[in-house]
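All chains are identified by letter, namely A, B, C and D, in their written order; residue positions are counted from 1 within each chain.
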């Protein structure tokens, strides 16, 4: 087993363990913290896939923004977060079954695919992926329109979130 | 600037106006309508620059103005969007630009700009009127301004944007985007007075009915994309693609892909252009403000449906050998002709001024569809254009009439329906501009010979039907034309001619210039728009103006349509039906009095009393056969000839038309169409009731169910279908 | 040496755990957390396919960036909605937000 | 010419491979060793900071400061540490035990993590990643998390309030900070720290002084130091998020805060003051850290100067200052710099720098003009008579007259 594999396995176990805790733990703040651990594991995965840019924006966006926003929302709805009773709904066994079935189906489908065992290719020499990504995102031959649409979407979401959550003074 | 660059900009002003109005100027009514009308004017100017450039270019058919843009990378290729201006686009742009601008301008007056705020007007309701005090201290009720004035302009701007997108796009996907934007706006505008339950119901009905067509159309688009990998016109209308489409079989009854796609797209048109059996939404859509009716039912949305089938004519006609119509075309000819007649008969028995026009629109659209069905797509495009002008004119005119009568209603305080034609009459003198323009529009709709645009376009359709030997289509359409002329004249007679039948009609007065100017402008086009389409070999007047429409629009397709040689038979038919219908309508309705029912409604007893009092023949015969022969005249001429023969013939014809209309309504529309509709509705309701325990409102449960179904399908696919 | 299968199976597992969270959790914010896990699994797949299959093209990363933007938008609007719902109905339990039924 | 750090590393590598360890394992061992050494050095400096800080504040306040333990009181921090270690470790009732304990570790660890990308010399850097600037932002957001965890886990309303206020402040000031960070990135066309340092001829503070100023101000806010010390505003919420912490856990927060100040100073020094650049550093690489620390302490001195000279402002003023003034200014600056940079392709270095500097000064001048107008209007508004209980008329007239 190479060092790379060892790192992968450790990170995968931590991430998946964290994810399981996210969906099972009762205390929502704890769930959010487990989510952060899990997302951090995913960030490391990006690092393993030689996408350092994604590692960093994963931390910035998911941990720095999304997770903290969630913790805020949990605290703002605190009464609900501490409600007694089950933390899962009545159909949880069906949900679990479906997830399991989906997992088996996905793995089975992957395993029948010829590219399943693709080994890690060498990255092209002398290419700065961040530079390439940046150029692709803003060049007309690349993804400038999707990128702009995504930014408009973000702006719209921003305004929409403010409008929706605005407490109207009656 | 390159022409193709300018084309990109055509839809921009209305969209910009929409956003500016909703975001910035919705507090200020003046700014909002300046935005809206200004945007329409900019697009209008842009369109005319394009049209002039297009006319100068000479070979627009082979070399359309086009420009494409990469939208989204799809693997190794790009999904491209772009603009495309070919002769068909130019023709459509021509009437769209004019009617849209005129309707925008008209809306300013229609919504009583400049009038005071109502006493207790609320958003979502029609204005109720305001009380004003003049210098003597007298209190008057006057019309009040629309409370949601700015919102209206925002919505119709978006609507215009949708139409421009649809017209200039170079692929069926952006066309569909424009199509759906219009669907949304139509919903919003029909339900503009959303506080009225009937308006809400009409909006929902329109939205859901057209949705049926749209979904199937989307399926057609998806199938087309699946087969060809593109939706751009230059790809899907190319020789190879069409050949591939006609030769690829489908699982549906062994017909070719071209037929399936053509039919699916045509079903989209059925929904949008309100063809039978999806026509039910259009008459109800009259709940919206009148400019909306003009916008939807004349200029834009319903035209879009016909525009689509003309646009995809290569697919519809793919596989046509020796002028033999394809299956798609036969279906289209049937549905179009049937709708044409069917709607015309219903129109005869309507009293609401706008409802008559709505059925008339359905009927005229049926005309165009039938024309495409027999292969006469140039004639269809021609009629589409002339119809847009005169129907927009008629709608705007009817709005002006209603406006005038409403004014009278407010003034007198009567409790009458200002849209019922039997409450009008004699408006000729009160509203002269409206009358003359409405008359021009009405004559154009009836196909008044030689002058009006409607005559030339209708004549061309009939001539095409004759030339293609489509006798059934020819006869049905001719009969529909007769009825069209009849009910048009009935409408004009009831509304404008004779004497005022109510106090309110007496107090009606002419509308403001913002409303009359569009009427005059459109009236001009309702006449001259037909002239460039006069056949070259028409006796006497043919050839003064070259048959420009045929040459120009005919260039759209690679294969130019053959010119039809002139024949007297269709000419005589169209002359006969139009003049005959007009005369008949005038004769039957010229003397309807206040409070009296429709002369056609009770053809028995009461009608004698009506006729006893006054009839044109009375005075004539009295004058011819003076006192000594009074006994003969009474016994013979009056009682026998006049009342039995002449009246009998007239009544027979009208009774036939009326009962035919009633027949269609009672035995086809009500039991079959409505019954089918009700059956569908009832069974959906039953199924819904039976299965509503599934719908708990809990999203997560829905998702679980969706997953179960997805897995079920997947397993079925994997284990039963993909086995070698 | 490590192969694409590692990442695919890992992402599939993460996706399914997230799916379970979405389907089974009562609290709407917990549901949102499940959605975040699923989105992350998707991005891992995108990046893994880019790294293993087409390292010379940037498409995978570009789409990853867009997924990030969408995720951020979704969380912002979602949480705002939950807060608004909480103010009105005093609950954000997903199975009590059922106005859509009947 | 090699520097001692790399020489030692190479030597260790040969020894370890001599023991037959695999290549990957050696890399891991060396990396762990590097982390330990770097952290130790930084923490030792941190202990010294306590003394420096206390000495400095005493001078600002015209006192003597610690002067009993050791010469000039230099051993005082050691005594402090011993005191903190032997204090009782209190866990509040109802606290979330695990989170409560892990929060201070996070607080210090995030600061330590930042040192990974600070270049000490041309050849000495923890990790020369090409997204270092983004990394700084990312680590900053983890620091926010530590504060939330501490505030929530304490089960104390003052702690939670303090955490909320702090997080609102941190998230808000991250915006101008990121924009200001983008300016050197834009000029150097890289997010790698070494590249940015290498590109600085002349130092960026002479090219874009305004960006440096914005970064400086928003960094002080990120540090939570006066005038932005909203998180622990003693007179309002006692001590903010670390109100319940005692002993060494409090010590960790305290150390983290001090070290954060120095870290931020080092980052500003790296991004705008040329980092390790200085005379003879090419010949003697070990001079790099010396130059870096000299510059960092210069910035640190400035931070202290600000801290002990200004009063605290209210939270609404802080947020208003950020959203209405700092963020638009930073955005405007970024746009101007980007446009100028694009426009000046092919001009000589001197011209480039002069134009850039001129543009910066012009923006500063314009801002000052706008601020002055605003202040004049505001003074007028405040000076207006209002229907409230006010001082005797004569005093008011005097006040208005002075304006």
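Things worth noting here:
Everything below uses one rule, namely that a residue touches a chain if its C-beta (ideal position, glycine included) is under 8 Å from a C-beta of that chain, and two chains touch if they have at least 3 such contacts.
Computed from a predicted model, the values in this text were never measured in an experiment.
Counted as hops between touching chains, the shortest connection from chain A to chain B is 1. The chain occupying the central position, as judged from C-alpha centroids, is C.
Between the interfaces A-C and B-C, more contacting C-beta pairs are found at A-C. With centres taken as mean Cα positions, chain D sits 69 Å from chain B. Rounded to a whole number, the gap between the C-alpha centres of chain A and chain C is 6 angstrom.
Centre-to-centre, using mean CA coordinates, chain B is 47 Å away from chain C.
Taking the mean of the C-alpha atoms as each chain's centre, chain C and chain D sit 34 Å apart. Across the assembly, chain C contributes 23-24, 94-95 as residues in contact with two or more other chains. For chain B, residues that reach two or more other chains under the stated contact definition are 73, 698, 700-701, 704, 707.
Multi-chain contact residues of chain A (touching two or more other chains): 2, 4, 53, 57, 65, 72, 89, 91, 94-95, 98, 102, 142-143, 146. Every pair of chains meeting the touch criterion is listed here: A-B, A-C, A-D, B-C. Put simply, chain A touches chain D in their complex at residues 2-4, 29-30, 33, 36, 52-53, 55-57, 59-60, 63-65, 67-68, 71-72, 75, 128, 130. Remark: chain C residues 22-24, 31, 59, 94-95, 97-102 touch chain B in the complex.
Taken together, the chain D residues at the contact with chain A in this complex read 22, 24-25, 27-28, 96, 99, 129-131, 134-135, 137-142, 144-145, 148-149, 152, 160, 164, 167, 171, 174, 191. Remark: chain B residues 73, 692, 695-701, 703-704, 707 touch chain C in the complex. Listing the residues of chain A that touch chain C in their complex gives 2, 4-5, 8, 12, 15-16, 19-20, 22-23, 28, 31-32, 35, 38-39, 42, 45-46, 49-51, 53-54, 57-58, 61-62, 65-66, 69-70, 72-74, 76-77, 79-81, 83, 85-92, 94-96, 98-100, 102-103, 106-107, 110-111, 115-124, 129, 132-133, 136-137, 142-143, 146-147, 150-151, 153-154, 156-158, 160-162, 164-165, 167.
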